[in-house]
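In the two assemblies presented below, subunit A is common to both, partnered first by subunit B and then by subunit C.
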Partner chain A sequence: MTKQEMLKDVEPRPRSTIVWATAVALILLPFVVSTPLATEILIWSIFALGFNLLLGYTGVLSFGHAAYFGLGAYTAGLTLRYWHVGLWTSLAMGTAASMLLACFIGLVAIRRRGVYFAMISLAFGQMLYFLALSPLKDITRGEDGLTHIPSVNLFFISLEEPRNLYYFILAITVLMLYMTWRILQSPFGRLLQAFRENEERAKACGYNTTLVKFFSLVLSACYGGLAGSLNTLYLGYVPLTTLFWLTSGTIVMMTVLGGKGTFLGPLVGVAVFLFLQNTISLFTPRWELFVGAIFVMIILLFPGGIMGTIQEKYLNRKMIRLQKKAATG
Partner chain B sequence: MILRTERISKHFETLRAVDQVDFTLEQGQLKSIIGPNGAGKTTLFNLIAGIYRATGGKVFYKDRDITRAPLYATSRLGITKTYQITHIFPSLTVFENVRISAQRRRTSFNFWRTAHSLSAVNERVLDILEQVELIEKRNWLASTLSHGERRYLEIGVALATEPQVLLLDEPTAGMSCAETNLCAELIQKLNKSLNLSIVLVEHDMTVVMAISDEILVLNEGKTLAQGTPREVSDNEEVQRVYLGEGNVCLA
Partner chain C sequence: MPSFLQEVSPPAGSKGRIMLSDVSWSVILMQLFFGLALGSIFVLLASGLSIIYGLLDIVNFAHGAFAMLGAYVVFLAVSLSGSFAIGIVSAIVIVAIIGMMVEFFLLKPLYGKDPLLPLLLTFGLSVAIPDLIKIAFGLIGKPVPYPEALSGATTVGPLILSNYRLFIIFFTLAILVSLWLFLKKSDLGMIMRAATRDSLMVQVLGTNTSRIWTTGFGIGIGLAALAGAISVPMMSATPDMGVEMTMVAFVVTVVGGLGSLGGAIVGGLLIGVIVAFTSLIAGEYSNVAMYFCMAVILLIRPRGLFGEIGRE
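Take a look at the complex of A and B:
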């Protein structure tokens, strides 16, 4: 075997069947479930993709990601309402605000790891929640949420029409999926995983691992801010709960349910979670109880989450094949 | 002289783990550090590599003071260590383990270029895998390798940082006698053919005596003796404190 041939078989390549199946599923989604539910799935998927970069690939648990989602939502809402900016500007400002916040939180908390980092991020998230609730009430409208947000157009297409909005957000989702794939295949993406696997070794390889964690956090906040901004477009207002810690908890649950550290896990987790929530809440107002029970069951039976379990099975089979090949020469 | 410590010390409260040790390493030299358990061998490594902050004394690398340089900085300068307990990236492939280490000097925070397109890096990874005899297992997950293979992988990961000084902390720990002898050959090969300066902490006296240019004997954090294998093994105090109890593989 030549070097070139060897180098070809060391790279993971996306399966074209999986790519096409995902594409078809996403295009047909608003015809399978209601358009609002489909739109919510996309928005939370973007949020979860970013969260997964941090939790699944870098191995850092943030328990305050509502801060990025909520800040993005409020920034987009406020700029639309008070400054009457356009679609792209509001999205860009929502995203940028969250990234700036991540830079700040990163500077303060990035040296902590594990439960300390999770707690500090939770504290920051709650701080933002209470800021929006009361001291900044005049701007944010406090508990009522930010209303009277003007609707926006994409060129001449109205995004008030649910299907239009869905396909607009789908285009952005596809873009974010592609970006995530590129990041994971890049030297930086591999470095994230190295950090997760063994921080000490990554340091011994010459990497400043504090910076790795910092960039991962900011990158993750970028997704959160974008998702939050899109959520504002979708709802037409900003509920205060976007900043509440339950939002942080939900994104953790979705990501873990789908399979942290797997590429499509966030999408699957979000879809399953929101679908269950929507279906069960038709029958009972205590839907959390059932979603919670299902979550516990899945995690007990399949600790890797849905996609994590599938990926593990696949990898195991591949390893057995490789071992057999090595044994027979 | 590529590496030198000057009265380097590390005290943990009242415990003097390393106490005023003068250590030197010449370019291309293979030097072993021996001593009973708790003599301060690993602590000395950690002081040189920047994992511990010294409580006294200095470390010089090519006449540059690196006493306060953190681990990643010493690695960039060219000092790389392997660990007594294997430190690899278990759920990544063997190839990826070495590549992450190898890409550092080319690009690290580039998040748009694919790792696949770094062909110079990737080819070097294959060369290293060839050296540590893991090329056939390049697609295996590191966690599925045998103990001995993981030790080799760790040496491969260390080599990929393009070191000038390699600190090997008990590379043969847990290996069978056959594996130990192969590993000793590999270390000697790296030392001679790549002209790598190597510091070796090792319990196996046959290996140490066979491949070292010089030996430093530590006891309770202090230098007990220093010299060629012959001088050290003839030293009566060394014999009393240490020699004769090490586990031995017959070469």
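Take a look at the complex of A and C:
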């Protein structure tokens, strides 16, 4: 084998089989855990997939991503309740609203350095939260949340049935998984990874790094808006917590826990996080302490997250095998 | 609304919106006074954050959590000893020590690696620490009474200025002056300033930067603890007060300029006054006001009022 072929073998690029295998696994999920938990896992997975594109692949940390989730949720809720739109329209509008918000925030802030952007995105997230809490209370109903959202039907199937809703969201999740996979395979995906490895070098090669970051932000916001809209369908109402900073923090924790920059990391992180949260809550309401402490330990010991660490081990073994082959062959 | 904003709201009976006819010079000056007091706390928070960032390149997400710890230490100390002074001193010392241990055991292993890791770690702490406090102290806020010597008010012309707020303003001033003297005149201060500019050079010249960083972190945390400590009589020690304080520190830092102490001071007072007046004129926007300022600064002068180009 030539050296190029050997290196290509080492670099882990997700194959399409991963998408389909995951889809199959997710089909069986509601039989393993409760349907509500499974639905939540799907919704947050979509959110995390997009967030991972921004954090794990582009290397930009946004600490106010709840803004996109919440805005999508409220937009979907409001259009469903007051404009009586259909299912697809509400989802589309939720996604579009978040996309527009991201365009605005991106125009204002994406040029800033990493830590600066993290703080700025956090503050924008807070601004949206407080706007929804007080001045815009007439629209958002403030702390009570937006209720009385009519149920929707997918053609003739009622989506109020939890199982029906789950499989509908599953279909969308698989679609997003596939889309993410395609994005990563595309030249843009490759550019993202080059960018993450060495931003300066990518710039030197002539790529417009600001545009890359901007596009990544908007893309991840679309995922967030879609997830928020689906969340509205799932809950049947829109709580103010969708905009709260803890939501932003949660998506960060989930993504890093699962392994930022890996393909399945977001899903794994979401599943583990929600599972931990649910299980610990059975014993104590202080689940944040445990999850926070676990998160701190992950950062110290396994910064690659679950999938990242597994990938490293797998990579190492492959490297060793290839080295042996090269030495003997 | 965030607890500390209650302090600058107009008195009961005005529902957060004052008609123009009510506004007189004394009302304006009173709100200015409130704003300066609030701003002083903001200044303490932001300068701590700025020092930590300038020295260590770490955005301390748990900054507010340490301030919250300061508040609880004051509560404990006052319950045990009855003296507010002891409360403040122990808050600063104890929480600064905790901070230095955090830096030594949790943050130091991360230096040299992905720069996002320390930020994420402090974020994890900001989630875990409040819950720890909830276990130890419960969910309900712990009130601390105003110290005898500082209660009541002083009358200056038509203005009734609460003694405690006067204390906050002057005490912060004193702390800032001491900080300035320390940074400018003392050996350690000079080394710290040098390390902020060029830590590699300082290392090459033979200084143990590791200890400088730990100490610097401790000072930053001490300032945060002080902020939490002196705000406690006004708003009780609650486990979740840290979040608002971290946000405030971030906003002021962006407005003033990351890494600039002068910016933290000017920014803090400015934001404090703006929040106070927003509270007077349009109460429901008082929370949003400071984020709005931040957005404006980002649009017209992204590096902040005193920030250096290139650091943004």
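In this text, the second predicted complex is superposed on the first by the 301 of 329 C-alpha atoms of A that agree within 3 Å, B and C clash if a C-alpha of one lies under 4 Å from a C-alpha of the other, contacts with A are read in each partner's own complex, and residues count from 1 in each chain.
One rule holds for everything that comes next: a contact is a pair of C-beta atoms (placed from the backbone, for glycine too) under 8 Å apart; a residue touches a chain by one contact, two chains touch by 3 or more.
These numbers were taken from a predicted model, which means no experiment stands behind them.
After superposition onto subunit A, the modelled positions of subunit B and subunit C are compatible, with room for both. Looking at the shared chain after the overlay, A:L61 reaches subunit C, while subunit B stays out of its contact range. In the superposition on chain A, A:Q193 makes contact with subunit B only, not with subunit C. By the document's definition of touching, of the two partners only subunit C reaches A:V296; subunit B does not.
Applying the stated contact rule after C-alpha superposition, one finds that A:W245 touches subunit C and leaves subunit B untouched. Once chain A of one complex is fitted onto chain A of the other, the partner contacts of A:F275 are absent, as it touches neither subunit B nor subunit C.
Residue contacts after overlaying the shared chain place A:A123 against subunit C, while subunit B stays out of touching range.
After the superposition on chain A, the angle subunit B-subunit A-subunit C between C-alpha centres rounds to 80°, nearest 10. For the pair subunit B and subunit C, the model built by superposing on chain A gives 13 Å as the shortest CA-CA distance.
No residue of subunit A lies in contact with both subunit B in one complex and subunit C in the other. Remark: subunit A residues 3, 6-7, 9-11, 182-183, 185-191, 193-194, 197-198, 200-209, 211, 215, 219, 315, 319, 322-323, 326 touch subunit B in the complex.
Listed in rising order, the residues of subunit B touching subunit A in the complex are 49, 70-72, 75-76, 80-81, 83, 87-93, 95-96, 99-101, 103-116, 118-119, 122-123, 126, 135-141, 144, 157-158, 160-161.
Residues 1, 53, 59, 106, 109-110, 113-117, 119-121, 123-132, 134-135, 243, 247, 250-251, 253-254, 258, 284-285, 287-288, 291-292, 294-295, 298-299, 302, 311-312 of subunit C touch subunit A in their complex.
In the complex of the two chains, the subunit A residues touching subunit C come out as 61, 63, 108-109, 111-116, 118-120, 122-124, 126-127, 130-131, 133-135, 137, 245-246, 249, 252-253, 256, 286, 288-289, 291-293, 295-296, 299-300, 303.
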